[in-house]
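Presented sequentially are two complexes of subunit A, the first with subunit B as partner and the second with subunit C.
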Partner chain A sequence: MFQSLFHDPLIRAVVVFTGSLAFTALATLFLAVTWSFLAHLKEERSRLVQKRWLPVLAESAAGLPVHLPTLGPMDEEPFLVLWNHFQESLVGQARSNLIDLGVRLGIERKAKRMLRARSGFTRALAIMTLGHLKDESEWETIADIVEKNESIEGYIAAQALVRIDPKRAAPVVVPLAAKRTFWPQERVAAILKNLGPENIGDLLVRAVQEAPREAWPRLIRLLHLSNREQALAFVRRLLAIEQDPEILAACLVAVRQLGDNESIQAVRSLLFHPSWQVRVQAVNALAVMATRQDLDRLVRLLSDDNWWVRYRSAQAIVWLPFLKKADVEKIRSGLNDRYGRDSLERSIAERQTRDPTWQ
Partner chain B sequence: MAIGIVTVLQYFFLAYTLAIGLAYLLLNLIALFAVRNYMGEQRYDTFLQTFSDFEPPISILVPAYNEELTIESTVRSLLQLSYSNYEIIVINDGSTDNTMPLLIDKFGLLRIPESYSRKLETKPVRGFYLSTVYPNLKVIDKENGGKADALNAGLNAAMYPMFCSIDSDSILERNSLRRVIRPFLNDPRTVAAGGTIRIVNGSEVREGHLLRAGLPSNLLERFQIIEYLRAFLFGRIGWTPINCLMVLSGAFSLFRKDKVIEVGGYKTGTVGEDMELVVRLHRLLRSKGEQYRITFVPDPICWTEAPADLATLRKQRIRWQRGLGESLALNLGLLFHPRGGLVGWVAFPFMLAFEFLGPLVEIAGYIFVTIGLVLGFVSYRIALLFFALAVGLGVLISVVSLLIEEISFHIYGGVRQILGLFIAAVLENFGYRQLISWWRLQGVLGSLLGRRSEWGQMKRLGNWARPA
Partner chain C sequence: MFRRAFIGYNPLSVRQFLERIEKEYEKLIQENGALLAKIENLNQELAEQITKLRSYVGEATARRAQIEQHKEVVDRLLLACHNWCESEIEKIRETERMEELSLAKYDEDIALREAAVENLRRSLTEQLSLLVDEAKKNVDAGKSQVQSSISQLDAITKGRTPVSFPAPSNKKTGQEVGTFDDKEPFAQSTGFGRRVVTIDDDPSICSIVRVVMEREGYEVEELHDGRAAIDYIKKNPPCAMVIVDLMLPFVDGLQVVRKIRATPGWQEVPVIVLSSNSSEREIIDLFKAGASEYMTKPFSTLELAARARRLLEKR
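Presenting the complex of A and B:
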């Protein structure tokens, strides 16, 4: 009977199919176990490198004399990962001590070799290392990567240029950072912060002016990281002439970030702007620079149509340094508008929770 | 005539079984490439400097209904998240147990006047509380209205432009917010991102944080681990590259608040409010012709307790299937909509034909072939082929998922654990999968008959939540 079964082509197909599936399943299991084993070996090597090098790096960062173990070719990549991590988390002399250690180990040579590697991660590690070592010899290669590579590698290369020579890097990096809208803003901000206002100068203001208008709000919010005088002049000019609510709101954020008390008149003029986004940012900006004569304006805004404007105004009032709790209570009891009173009551309770000594 | 119908049915069941198996296999293969790319990018992440002032602040919404066993542990783990600016809003949805007094006692809550922007209608709020110990912890106490209603109340009170919905029994990794915000920072078109949910059963947890991932000894829980890998992880990642992801788990998802309010918030009276919201976002944003992305973060960043007994698992699966049915029915306009794109023309029909109606066809197939074999109108050859396809492809997909897991996240290391999962991946196809399909079929029927929905409460052991 079984023989006749196997003569049936369909049954044969089912048997072959099931057999193939079973074989594939077992092969997959074998692959999974092998992969897991290899991953375990890699983790183990990384752990060994950490065990051997962590004390050396820590002592070296502290300026203590260290005996250097041999850095084998297989350990180079995990060591550089560790070394770069230390570089990212340290400052000042500790960082310089680690650079000296790196030079003693010849990581500069190793990094230059790795710069031509096929693996993107290995190249990125090399770029980071050269950046931390402030090695200028590969400047052109790294600058080329910044220009041509728009992905993470390009961003890491931009970071490295800034570390090697911020003054020289600024004209290359700032226009690109403004242009590459796909680079996350907090990363662009990190690059600008490393460059410092003295190196950014008017580059960012010029980049904003050259950018399409839809990019302006995003870039204006970064202006506080550039030269204060240049940024202020630009923001004040915009506050005087600009109509676009999004740009105005961004300018008001910049005024607050830059702590520009001289823009108070412009801020006051925008407190009753038709767009609620502008009104909210105007209240936020006024909150840190308000004088006694602004109190009436803030109280009026407690009756605003928009909840956010009411809430931010209430917060601004309760945190005004020249008002005591009794003054705020008096304002609250004088309010006829229910929504305004609710907002102020909530803000009073919030301040009391945060600051139990408030009197 | 009858023979003709039987023949057609035989070929239909065979073709359907083959199609569904191949479709999942394809999704797994797409996921393999997507995960490899993702993991490659993640290697850089620790070196990329960020300026935390520019991290968008996030409101974390934690709806809670009778969660006295786990709520404290959940809130404490949320308070330790590594993120620059976030608030936690626990919404007590009229719990009848000790949830609210426990929150007041453990976190020093102080009732404050209620004032917030009511953009979405909800059941009345009884009180609004601030923690005197943790400035970023707020609690809303409201009348019972269901999970969607609780989330809407949380949305009304949320201060920040992004919100994250999480289940009150979830355990988040410390850097989970940093990871789930990444798609929003990398692509401003992103409106929603979901995190991967993993099963915590069998793992070691201390003070609301996962210390070591492990395997449960209970086979039922192990089957669910395989199922999560196969269907909820790699099945979903596979849809992401083509922006067709239709399910984000309510246990951990991040949304742009303005977009969610624009589409009307969470739909009350549904059981699958998380999925319904995502499908509605697709439908309404597509119909407006807006550019958007709904994406998935494959890292294991959120851990949740899986049912350890059949009765709870049954309830959960019936509820999920009904949720799926409701989500599709409420957004049927997306199906083959001229502006529907790949979502309307590929993902939606797939969900309808394979995910929603799949259990119906699968169970009907098993019954038809078994009865046919007994009564003689289905030949043993066809029956053999049918079972070989149904079980064989199932085993293959589960095992491939296990391989992708090992290649990418490598959560369950060691030969013993892999072997344990492999055995579960094979065994689950002999009974467990069919049982799940049977329960899902009950969910399909419940959905078609329009039975009333309620809070999806699950019997929890909460072993992980107990202090060490």
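Presenting the complex of A and C:
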């Protein structure tokens, strides 16, 4: 009877479909269990490595003589994660001590081997390790990764080049800061900070000039990390001629970051710019360089149409070093604009919370 | 009679009258039928309600029986609890009586030991005074010997070369007495507590701080979040120093610093704040809250040790 049923094409199709569905479900379940088990094993291994190596690394960083446990092939990756983390957490002699420890364990050989691995994580770890070891032998390979790889691996490679030789890395890395628009701004700033203004020189200003205009606002905000004189000259020129509100706003951010008090006239002239983004940044820039004669301007901006402009103006007034709390209260009571009064009240309360001794 | 009854009446109108009566009668029959149907419906509803009511009454009776049963169980449990509590109270009283007895014994024992300690102290004081006298005599003898040696040397050299004496040394260890070893842990040379608390959610930072401060001769206690730090400050006596990270889970480092400065006894404890990324204003806030030192991460272990040593020297 069953055989005759199986001859029916519809029933056969249903049986085949159900069977394949069950097989797929079982296979997926098996894979999930296996993956979970492997992840657990990896985590356990990492925990064990941390338990064994944490005191050794800490003592080694502090310059104490240490007895080295054996570093098994399975422990290499978690150990390198820990070693790199220590490198990131410390400076000075401790870093050199950790490099000595790494050399004793032969991690440069392991890192060079891992550089050719298929896994992106392993390669990134190897690049980071070679960077911390300041190993120049793989410079070309790492520079190639920086040029070709636009992902996080490329970023790690750029950072490694900076660690190995900042002077040599600057011409490779600085133009990339303009090109890699999707790298987070803070990360790019961290690389430039590690390079130092002496190595960046005029490279960043040139990179800004060569970059498309839509990238300028992002890059101008990084200029404070390059050579101060060249950055100031460029920003002042832009403030004088530029019309684009986004670029002007970025220039005002740069003025604040560079602490350029000589640009105060340009900043004052932009306080009442039609674009609120420019007005906000002008207020922010003025906040750190304002004199008594700027107080009236800031008070006028408390009645601005834009909430951010009112808020930043209120903050600027409240944090002015030459004003006491009573002075600010007097300004508040003299305000006719309800929104401006609200902003100032909020900023007074904020300062009071942050600084209970403010009088 | 019928004839007389119908005299003066139109037979046609009588028929109409009869027909009307007949219609009225039919109408009344219909209304009666509807009323009967309504009564029937109401009867049915009533029967249903009575059935429901009966079932409710049944359920209520069953529940009442259950409640009665539960009540009995609870009463029994309460009785058992009461008995158990009584027995426990009795046991505790017994223990207290025993403890009182043992305390009395301890008191006697302590008194005996105190007497023994007093005796020992007296004998030690006597021995010490004897030793001091002997040492004084030795020193006097040594001084006179040295004086004679100097005079002899002066006589020999006639004041050409200055005379230097080696520092007195401990005979057992050979180490010079009265000099400090450069690598002596700082904590051993101070009279303050030897406990340093490090608060950081990163175990590697805690382990580095541990090594650095243990090298300075301190015991290090690790805490991994701000809430644990606040609890620790509330429950423990002040320590020698606190090294705290600014970014902590639950409660940040700034709040921890404020708590330290607001807790009696902890106000004078030096606090070093470690932070990876802080704005100028945050750093100012930290110092206003009472932080003694601020260090950025990544940090130098040597710098940390130097700053810690300087702060502890100030105390």
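Just so we're on the same page, the second predicted complex is superposed on the first by the 323 of 359 C-alpha atoms of A that agree within 3 Å, B and C clash if a C-alpha of one lies under 4 Å from a C-alpha of the other, contacts with A are read in each partner's own complex, and residues count from 1 in each chain.
Everything below uses one rule, namely that a residue touches a chain if its C-beta (ideal position, glycine included) is under 8 Å from a C-beta of that chain, and two chains touch if they have at least 3 such contacts.
All of these numbers come straight from a predicted model, not from anything done at the bench.
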item: Which superposed partner A:Ala61 touches (first subunit B, second subunit C, both, neither); value: second
item: Partner chain(s) touched by A:Gln93 [first = subunit B, second = subunit C, both, neither]; value: second
item: Partner chain(s) touched by A:Leu10 [first = subunit B, second = subunit C, both, neither]; value: first
item: Subunit B versus subunit C as contact partner of A:Gln185, first or second or both or neither; value: first
item: Which of subunit B and subunit C A:Arg354 touches, first, second, both or neither; value: both
item: Touching partner for A:His85 - first (subunit B), second (subunit C), both, neither; value: both
item: Which superposed partner A:Trp307 touches (first subunit B, second subunit C, both, neither); value: first
item: Common ground on subunit A, meaning residues reached by subunit C in one complex and by subunit B in the other; value: 85, 88, 354
item: Complex contacts: residues of subunit A adjacent to subunit B; value: 8, 10-11, 13-14, 17-18, 21, 24-25, 28-29, 31-33, 35-37, 39-40, 84-85, 88, 120-121, 124, 128, 152, 155-156, 159, 181-182, 184-187, 189-191, 193-194, 307-308, 311, 339, 342-343, 345-346, 349-350, 353-354, 356
item: Contact set on subunit C toward subunit A in their complex; value: 202-205, 207-208, 210-212, 215, 281, 285, 288, 297-303
item: List of subunit A residues in touch with subunit C within their complex; value: 50, 54-55, 57-59, 61-64, 82, 85-86, 88-94, 354-355, 357
item: Interfacial residue positions of subunit B with respect to subunit A in the complex; value: 40-41, 43-44, 46-55, 110, 112-117, 128, 130-132, 135, 185-188, 381, 384-385, 388-389, 392-393, 395-396, 399-400, 402-403, 406-407, 410, 413-415, 418-419, 422, 426
